[in-house]
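What follows is a group of structures, each given as structure tokens.
Across the two complexes that follow, subunit A remains constant while its partner is subunit B and subsequently subunit C.
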Partner chain A sequence: MTENDKLLVSLDNETFAVDADAVAAVVETERFFMLPMLKFPFSCPRPVFIKGVITRRGDVVVVIDIGSLLGITASPDRFNQGQAHDTGPYRVAIMKKDASSLGVYLGKKELSFLWSEDLKSLEFEPSGENYIQGLIDPSGRKIKLLDWQRILEETQKAVSCR
Partner chain B sequence: MKIKVQIGYKFILGFIGVVFTAAFAPAIVDAMNIVEWIKQPLSFLMAILIGLILGSIFTRSLTKDFRQLTSIANDISNGDLTRPNGIDVNSKILQDESTELALALNAMLKNLKGLVNHIKDAAANLAEAAGTLNTLMAKGHKTTEDVSTGTSKIFEGALEQAGHVENASKTIKEMAKMSDDVSDKATDMAAVASQTKSRVQKAVAISTSALKKMESILQGVDSTKDMVVRLEEKINNIPKILDVITHISRQTDLLALNATIEASKAGEHGRGFAIVAEEVRRFADNTNRSVEDVAFIVKDVKAEVERLVNAAAESAMFTQGGREDINKVKGALDEITAFTSEVADKGAVILTLAQKQKEGAEEAVKLMEQIAHIARENVSTTEEVDTVVDNHRVSIEEVLASAKKMSELSHELNQVVARFKLEQGELSLFPENEAGEIMIAEKAV
Partner chain C sequence: MSYLLHFMDTSQYKTLFLQETEEHLKGINEELLKLENEPHAPSGIDNLFRHFHSIKGMAASMGYETMASFSHQLEDLLDAVRKERINLNQEIVDAVLSGADTLRAFTQLIAEDKPLDMDSQLLSKIQAILTRKEPPAPLLQKEEAVVIPPASAQPAASKLGLSTTMKVDSKVFDNFMGSVGELFTVRSRLREIVTNSFPVEFQEAAHQLGRIIEDLYYAVVTARMIPFEGLTQNLPRIVRDMCKKGGKDVELLIQGGDVKLDRAVLEHMTDPLVHIIRNALDHGIETLEERISLGKPAKGRITVAVARQRNNIIIEITDDGRGIDVNKLKEKALLAGIQEERIKNMADKELLLLICTPGLSLAKEVTETSGRGVGMDIVKGNVESIGGRLEISSYPHQGTKITLELPVTISIVKVLLVSLCDELFAFPISKVLKVMDVNRADIKGDKTCRSVIYNDTEVPIVDLRNILALPSLAEKDPVSVVVIDAKGKISGVIVDDFEGEIDGYIKPLSQPMTRMQGVIGVTVLGDGRPVFLLDPTMLPCPENTYS
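Let's turn to the complex of A and B:
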């Protein structure tokens, strides 16, 4: 897993990484389509981290916001699409595995690559944090490797919650 | 029967009678039978008796005549001329000298009556004349007094007039002097006005050229404003282009990202391509950043241009205002030019009028001199007239006095004549009124 190239997303003071193989594409979208608001029972949490859905090549992709998922940045209000400074076309990284896709809201955040060659020289420390597989270069940049499949599952659960 | 016998003869006859009687008395007595011793005294007595008788008769008639005559003379002396016929001479049988005297007295009485009548008439006329003269003299006196008063007044008036004329002459001299001053001042004013006029004309010329320059400045500002507006429009186009560039670079970035992802999926073989794609991404990032910088710069430029536009608009406004002000100034200067021209003209007119006034005043001075001269002559003439009138008045007064005297005399005459009674029932011919003046009375005939 850690051998492959990683796509790095800088988020305020934190840096997250995902497998580059899993990334189908990075697209720009003008808007997110709202999910129909179902009457959520008390047991199901409100999916505030879901920014909405977009379509890509005929597929419907659910887009999530890492910041609100991990509780780093302030949860956006139901009526607030995102942070105040995010306007215009939004960048979304689409993770695809087989038939399921997940959109990761990137906004204007900086993207960079971490090549596998560079990875070899960096330590990897597994982590038990939610949705974090592990910590790359714990003594340096502290890049958090996202467990996107788990995020996908959560999202599916949240979307189809009864 | 009128037999004229002189009184002497009558006397002689009488005497003869007496003698006769005396002579014949003894004869008579002798014839009478009386005692001797009575005969002589008796004859004496008879002669005396007859003598007495004849004497008394004669004397009585004589004295009667004389008494009559005396009474008449007395009457005449008392002024009573009323006997119509004087002495009645026809009643006497024997007329003698007394008759002649009576006739003469009658004649005298008649003549005296006539004379007195004449005198009375004359006195009446005189009194009338005196009265008229008095009246006329009184009138004349009054008239003379009036004339005298009048001439005195004229004299006073002439003096006053002379005084006034002196004052008027002084005043006119002062006026002449003042009009001289006015004339000088008017000349000065005319000079100043013409100077002002030329200066104002210069000022008008300067302001006109200033206005033209202002006009050109305004036009320059207007064109600058237009240029700046066009510049603004052009600058407004830049952001659009920047947007396009940004869009392109973003798309490029996205594409490069995707390319990198795909290249990484290709594994080893995609490395080179991945690197190239990364370069492209970086390039796109740079472009973005550059575009941002350019956008900032454009923003600044836009702000500056906007400021420029505002400043140009402001200055255009100011220049417009300035142009209006210059126009106003020009208008005012034009008015001043017109006004100073008018003033210059009026000054010239005033100068002419002042000259005329001066001439007029000089003429007036001369006329006043003449009038003063005439007034002075007037005064002296009036003085003479006054003297003459005074003399006249004195003469009149003398005449009046004479008239008065005349009336007094006529009055005296009247009084004298009034003593004569001409007709019965006449008390006085000329009764006098209380004033002592003689009235012309009507005769009670």
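Let's turn to the complex of A and C:
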């Protein structure tokens, strides 16, 4: 069981957690820039869970929408015609490990934390769901611990059109 | 490295230990290959002994007992040769080479903080050689032997002194380059902002700052340049091992090894160079019997020649083997699904590039080293990913030449900025032939196949919005077209507008973008906007493209 502090992200009626150690920063951005994915000659559909990219300290970070990846919410994409898009500023948690980084769109909800002292007494249930390492259950509410490495691999696959 | 390190926290010295061990291992490789050709060279064994002795000492200091103990075994073997208790022969050279490989594998494990596993088979072999009873070596006559005093007998230094060179981790230069690159971006931004409305003193100061940044950039690039021979040090060993396996005899010549280029470029060439050499050895150079029957010298030859041509480096890898069978290539291309009509219309140069098609191989069989149709695909990909070009020429029974044209440095590139929606993208200026506004009335063809006139020739055009799956722009007239040279063929790309040129510090794409198609890298402007550098060679190239 990972007993590090956790950053909590709420989406509709679900709560997700990520290891706070992996969070390099939580930033606000006015817009997302386009990640250019060539339509030809690869005929690859643009993944809807990728919101775009932002820059931070000279680095370019791909930002994903967890809700869209997990099928919980539809990701409004300003490049999809006919769909309204939410306005900024947008909050993004930047997950970083070595040379890899991934931005997680946090929406406009408040952030919260689950501290390691509170986690020690909790049970960790393994989960068979995609991109979820397991479940933590404080006070009777299920919190899904995101497997962000797995999410990073999925994003890489989607972006490289393989 | 002092024995005192044994009692201290040695982790901070790990990088230095690994660097120095690597240098000693390179030295061992060189000495062993020399010894194979010149077994009488008296200093060879002593030099080898010194290398292993140094590795043993450093490993012991760092607490890597397995590595120290194994180095000691190899020292024992060399000592036995040195004292003429055993003869130097191929078996011993092979054992020492394998020993060096094992030590290199140890360094890899140490770098990854993994435990060291001893190769017990090799250890047994070394013990077997040592315990064998042999007469003294007849090759080295005592009166001819040159006595080299052991290191401890050399006169001690009479004063302290500091070396004028420093060993610096390449990451330090990468970070340095990163900072300079950011300065370059700021310089470009400053140039945009500073106009005639600013005081003259401000403009002069901005101009001077720009010059200093440029000087700093060239100083860092120069410091990061290393000679090409840094890349080819292990090639003789690779050629030797492959020749032994394949029963061939090949001479490797390296010319222009002192030509310097950016370390970042060299890093991209490590795999491609090995692939090309392996292909030449596996498929190019004939067997001994074949060569003799063709009246060729028994020893094959592979030449790696490097030269600087303005802002490019030209690397030519030539072999005197059997050449590429173009007819067979055409057959394989058909089988791989390439249209017969297209193959018929291809010039030889273009046809030969088909060997870079993934999965297409002319090999009769898959060997340990090649034959799956993967290697040349990687070579082309690596070369083009840094804005380089690949060319192949080949003649039956005479051999094949592969030419790589590479930029001297890849970090700061002059790019053309273009806008699309409210996004910015870039093309390398080296690939841009012209930018022009074209009236819609002058665009021929329908939506699937359009063309415009450029230099009295019809060239196909594509809409970048369409390629990036962006919504269409309301009819703009005239349209902005960038004429590019893609894969040696000319085509036009429709964009929303041109946004000028900048010197962009192009960063390689990091995960999860590393395997993105059609993008060479990305730069970030002074105002925080990212600009992706598009690869013109990956944009669609319709059938009717003209050269």
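Quick note on the criterion: the second predicted complex is superposed on the first by the 139 of 162 C-alpha atoms of A that agree within 3 Å, B and C clash if a C-alpha of one lies under 4 Å from a C-alpha of the other, contacts with A are read in each partner's own complex, and residues count from 1 in each chain.
The working rule: a contact is a pair of C-beta atoms (placed from the backbone, for glycine too) under 8 Å apart; a residue touches a chain by one contact, two chains touch by 3 or more.
Source: prediction; values computed, not measured.
**Student:** Go through the superposed model and pick first if A:Ala25 touches only subunit B, second if only subunit C, both, or neither.
**Tutor:** After superposition on chain A, A:Ala25 lies in contact with subunit B alone.
**Student:** Touch test for A:Pro89: subunit B only (first), subunit C only (second), both, or neither?
**Tutor:** A:Pro89 contacts subunit B only, not subunit C.
**Student:** Considering only the touch criterion stated at the top, classify A:Met34 as touching first (subunit B), second (subunit C), both, or neither.
**Tutor:** second
**Student:** Counting only touches as set out at the top, which of subunit B and subunit C does A:Leu111 meet: first, second, both, neither?
**Tutor:** The first partner, subunit B, only.
**Student:** As a test of reading the superposition: which chain, subunit B or subunit C, is in touch with more residues of subunit A?
**Tutor:** For subunit A, the partner with the higher number of touched residues is C.
**Student:** For A:Val60, select first, second, both or neither according to whether it touches subunit B, subunit C, the two together, or no partner.
**Tutor:** The second partner, subunit C, only.
**Student:** Taking the superposition as given, does A:Ser100 touch the first partner, subunit B, the second, subunit C, both, or neither?
**Tutor:** Touch partner of A:Ser100: subunit C, not subunit B.
**Student:** Now for A:Leu7: first (subunit B), second (subunit C), both, or neither, which partner does it touch?
**Tutor:** A:Leu7 contacts subunit B only, not subunit C.
**Student:** Just to be sure I read the superposition right, which of the two partners does A:Ser160 touch: subunit B = first, subunit C = second, or both, or neither?
**Tutor:** Touch partner of A:Ser160: subunit C, not subunit B.
**Student:** What part of subunit A is shared between its subunit B contacts and its subunit C contacts?
**Tutor:** The overlap between the subunit B and subunit C interfaces on subunit A is empty, containing no residue.
**Student:** Along subunit B, where are the residues that touch subunit A in the complex?
**Tutor:** Within the complex, subunit B touches subunit A at residues 250-251, 254, 257-258, 260-261, 264-265, 274, 278.
**Student:** Could you pull out which subunit C residues touch subunit A in their complex?
**Tutor:** Touching subunit A: residues 178, 182, 421, 423, 425, 466-471, 507, 509-519, 522, 524, 528-530, 532, 534, 538-540 of subunit C.
**Student:** Within their complex, state which residues of subunit A touch subunit C.
**Tutor:** Interface residues on the subunit A side: 33-42, 46, 53, 55, 58-60, 62, 79, 81, 99-102, 152-153, 155-156, 159-162.
**Student:** Within the complex, which stretch of subunit A touches subunit B?
**Tutor:** Residues of subunit A touching subunit B: 4-5, 7, 20-21, 23-28, 89, 91, 111, 113, 115.
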